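Working notes for the structure below.
To keep things simple, chains are lettered A, B, C and D as they appear, and every chain counts its residues starting from 1.
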Amino acid sequence: METKNIKKIGVLTSGGDAPGMNAAIRAAVRAGFYYGLEMYGIYRGYEGMIQNDIKKLDSKNITHVLERGGTFLKSARSEEFRTPEGRKKAYENLKSHGIDALVVIGGDGSLTGAHLFYQEYGIPAVGLPGTIDNDLSGTDLTIGFDTACNTAIEAIDKIRDTATSHDRLFFVEVMGRDAGFIAINAGVGSAAAAILIPERKTPIETLVEKLKTRTKAKKSSNIVIVAEGGKSGSAQEIADKVAKYLPYYDIKVTILGHLQRGGAPTCFDRLLASKLGVAAVEGLMQGKYDVMAGLINNKVVYTPIVKAIVGDKEIDEEDLRVANILST
Amino acid sequence: METKNIKKIGVLTSGGDAPGMNAAIRAAVRAGFYYGLEMYGIYRGYEGMIQNDIKKLDSKNITHVLERGGTFLKSARSEEFRTPEGRKKAYENLKSHGIDALVVIGGDGSLTGAHLFYQEYGIPAVGLPGTIDNDLSGTDLTIGFDTACNTAIEAIDKIRDTATSHDRLFFVEVMGRDAGFIAINAGVGSAAAAILIPERKTPIETLVEKLKTRTKAKKSSNIVIVAEGGKSGSAQEIADKVAKYLPYYDIKVTILGHLQRGGAPTCFDRLLASKLGVAAVEGLMQGKYDVMAGLINNKVVYTPIVKAIVGDKEIDEEDLRVANILST
Amino acid sequence: METKNIKKIGVLTSGGDAPGMNAAIRAAVRAGFYYGLEMYGIYRGYEGMIQNDIKKLDSKNITHVLERGGTFLKSARSEEFRTPEGRKKAYENLKSHGIDALVVIGGDGSLTGAHLFYQEYGIPAVGLPGTIDNDLSGTDLTIGFDTACNTAIEAIDKIRDTATSHDRLFFVEVMGRDAGFIAINAGVGSAAAAILIPERKTPIETLVEKLKTRTKAKKSSNIVIVAEGGKSGSAQEIADKVAKYLPYYDIKVTILGHLQRGGAPTCFDRLLASKLGVAAVEGLMQGKYDVMAGLINNKVVYTPIVKAIVGDKEIDEEDLRVANILST
Amino acid sequence: METKNIKKIGVLTSGGDAPGMNAAIRAAVRAGFYYGLEMYGIYRGYEGMIQNDIKKLDSKNITHVLERGGTFLKSARSEEFRTPEGRKKAYENLKSHGIDALVVIGGDGSLTGAHLFYQEYGIPAVGLPGTIDNDLSGTDLTIGFDTACNTAIEAIDKIRDTATSHDRLFFVEVMGRDAGFIAINAGVGSAAAAILIPERKTPIETLVEKLKTRTKAKKSSNIVIVAEGGKSGSAQEIADKVAKYLPYYDIKVTILGHLQRGGAPTCFDRLLASKLGVAAVEGLMQGKYDVMAGLINNKVVYTPIVKAIVGDKEIDEEDLRVANILST
């Protein structure tokens, strides 16, 4: 694979937004300036690429964005980019601006798009893992995950205040699509009575037994964390089932929802995004195409996109073991 | 009405908990100590009064509670206290401890209990308005309301990040039972496109028209605040109706839920609770019985409980007018 | 006084910035649009007026600023505006844009400038109280004060964690220039052992006596709040004096400093700023010139600027009384 | 080394407190209960060990402490424990309670004590790295560091609001004793213009040059992060030197101070503390004595205390490189 002489890089965010995306954009753009490149913002992801919503960025565009949630380049899902015609339009728009390469920040769908586009049109791309779900391989943690976990525990800390005052049982549903990473971290981080994740099946009877044991041990308020997308059902469904076994218990359900996607990124997410934003540009300059830049054991690692998106990232058994010890 | 020589005061929190209840308990207890009284904690509200869950408090009990959400005396709803037998038991327990008077912190139901108890058994009580809903007369603001409003806007700030990134329309449901106070403050405080409150009927067509006008004016993301308990339906129901008119719009719903009840109280709630806690004890010492202590125009005012609980507290028309100007 | 037909309003922020200034600018601009006026941003206060740093605003300029600290119009102190020549230049710049009237957001110095300018050139102005110090008459609270108090107590909550862990005595210096408002609120709100304000002289012996009494009562960690600008000296100076009396005590000093000026405004400050921003524009339209719009007992009140800036706003004796009861 | 049959474990926190210490105590105690052990709290570190301030813990002691800053076991520095007589007393107190082993949570001084005590009296101890400074080897990160970094950037975000509004240059001093870890993370995380750390000498001329270049590039507000304990002097001293070169610049200094030590721990610190608390007890049960449990590449690692405290933990050159690219 020949290393191209890259002069103009387009940056885009795509898929569900995540805190730290702005920090990643800023880092990529600033790194580009540092190396004398021209940097372009592609607004609203692949949709904007197709609609030619592309603007040259200067340093003002990236001032005071590091600390802000969301993405100032906006994000969107693009049906049209899934079609050959859509991608052709997108390619022509990039060419009209002279854009040589892409930095694509998003989840597995976004990275798949970058991979496909590279296969078809040879536009070099480095992907960055931007998703609160942490469900990408090739990086220990994804941009936005740490913030989402902290947002979750801050909300649960508040819920615990009222749970304790009333000796209630709360089921709190957190995000994570098909992955239990947020649930585990938020659960251990908030002293949850139990954590239900998509990767493990927890029979209702087991859950009820645990709650009964804890109630006997006078832990009179209890919080159960439920990852959305789990096979055991939504937090509401599980709560309804448990209610039949524990009719004397005052049970409430809270779905944290989209507030987990926003907010100023944590220090960790700012650092992660900053390092990976620089790594994206430096990767492109070094001929690393069709890869995702991630951080493994605190070192930048470039993983082929096709390997990063396979969705086989495993939860840490040790975390589950610790969670069990601490909630028993 | 003769002023009794009060020596032992029982303090309880009842009904839905609110941030600042701990600060109010602390202030009452500390004021009691200042005036040489004995102070008792009655745990779990009227239920604990019936079950004799009553303990003498010392200064350690109230150390480092000011800044904590919830209520360390816990709260509960008591069916038994609604019966003459329940109240008789409660009275006998108070007598067994020699408790002369009560400070009751809670909402309208809790204050009603204190009034009834005074009528039946002559136990002097001063009520304090402890509820996030702000639906009590006799005080400009209730303890916990300011914190709940801030919790709401902090959550909505996060939701706005993701709403803006995706140009989405969000319906955010806030608490308030039958009162729109939280909705109005959170709505004005978060630049909401519209605010739906129980006190006013907003036809779906009017709401849709407003959203269409704003979309034309390129305010592409929009947040609508919906107070729970409104006649127009829940946030989800309203969203479903609106979706039929605006099929092209990506619509999401978030129910903030119980996290609005918790969290460290704001500075204002700490001050309000501190002043009213002192006022409760001083009121009892001055023979002010069967009243609620509130703050009106920053002055302590004692209002007969029967007047405080009538539920006719009106929302400020001027607030609605300002909200309308700012969202047009 | 004749009411002019105002068509173009300039908005500026001046003096020390305060959280909520952006919300006030937004509200004024949006109210202007609502009434069909043209709105101009005058950047960097009077300095920008002299240097013609003036731009017509549209709705994009005020999108997503409500929730941000600082002021996007920036602020500055202007020596030149104190000279007749400077004001002449400023006037000519306003005329060149056709600006008929001003909304001036700031503290006493900023409002004095608006008054002087009205006297000399007849440019109608409504001032808004924008300062964390709360030292303006004509309003119960100034924009930014509530946020500064909350920022202070959140910082002090953190300091208390470490103070308690080590049984230390902390002196925490808060802002407020010559006014003790922040100190009192932050002090009551953080269970301070003592509060030293510029308006009252506290002899070191009295302070030491109180600390000794508390130590005997086993309140082993103590926090003393010191307002900057007090006659008893800075927090460090007072700490040094106290250290001589309590040599066994581990004493630390923290100066909260400029972080009290920043941060997202609280819900209250957003509401206050929103109401006053609207009131400023409506006041100008109704011929209310040379006044400051404030909120007294939750009603908008227009006070002649010369009366608002006299600096005789008194602290509430009742607050000091409550503070004393609660810290004894 | 023979593995003892441990039945009673004492837990203590020592040295400067750090957020997450409570979570570590809770995890150790709960793990102890899980394995059927008796757990004792030794209050005020080694000082309390000497004064026999030791209490058996039950599950109530560790309820709702996970999320709280500080350490409920309190901390202290003990001169007496540095003497053989002091350690003898401490040993006798432990024996009187039948305590077989220790979990010691703290920084290098605290771990040194545990090592010495093991050498002299054979009391098995596992140390946990509890310090915001991150200056211990044998673990990627110490308990409290992540929280301190987040506290720092949240404060700097606020300072940036006012810096930007006034185009000011701020010097912000952060903690870290002789280590620049907090400074680097907070600096990269807050888009600092420059970061001064103890490990590198930055000539004033270099700093001034960088600030001049940035000012030319219209980055008109600037924040410089200064680690306490650096050879170039305190933030105030550096600011004074810089002021001579940039007399036109409005320069301010803020020392964040002890608020960096407090506050609710972040999700990461709660997880780290939870895992290490369990690891401490399991280590003791497996005969791992005189070691510190740390987390390296997300795996628990036991390092001999003598190796953990050597103070040669190096800052990551890559972090500095990224910081430089992003601030140029």
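Heads up, the rule we're going with is that a residue touches a chain if its C-beta (ideal position, glycine included) is under 8 Å from a C-beta of that chain, and two chains touch if they have at least 3 such contacts.
The model shown is predicted, which means the values in this text are computed figures rather than measured ones.
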Minimal step count in the chain contact network, chain B to chain D: 2
Remotest chain, chain C as reference, centres from CA atoms: A
Inter-centroid spacing, chain D versus chain C (mean Cα positions, whole Å): 36
Rounded Å distance between chain A and chain D, as computed from the means of their C-alpha atoms: 28
Multi-chain contact sites of chain C, meaning residues that touch two or more partners: 157, 160, 164
Chain pairs that touch, as defined at the top of this document: A-B, A-D, B-C, C-D
Interfacial residue positions of chain B with respect to chain A in the complex: 13, 16-17, 19, 21, 68-71, 74-76, 151, 155, 157-167, 170, 252-263
Chain D partner contacts - residues on chain A that touch it in the complex: 26-27, 30-31, 34, 59-60, 63-64, 66-67, 140, 146, 149-150, 152-154, 157, 160, 164, 185-186, 188-191, 217-219, 264, 266-268, 270-271, 274-275, 278, 297-300, 316, 318-319, 322, 325-326, 328
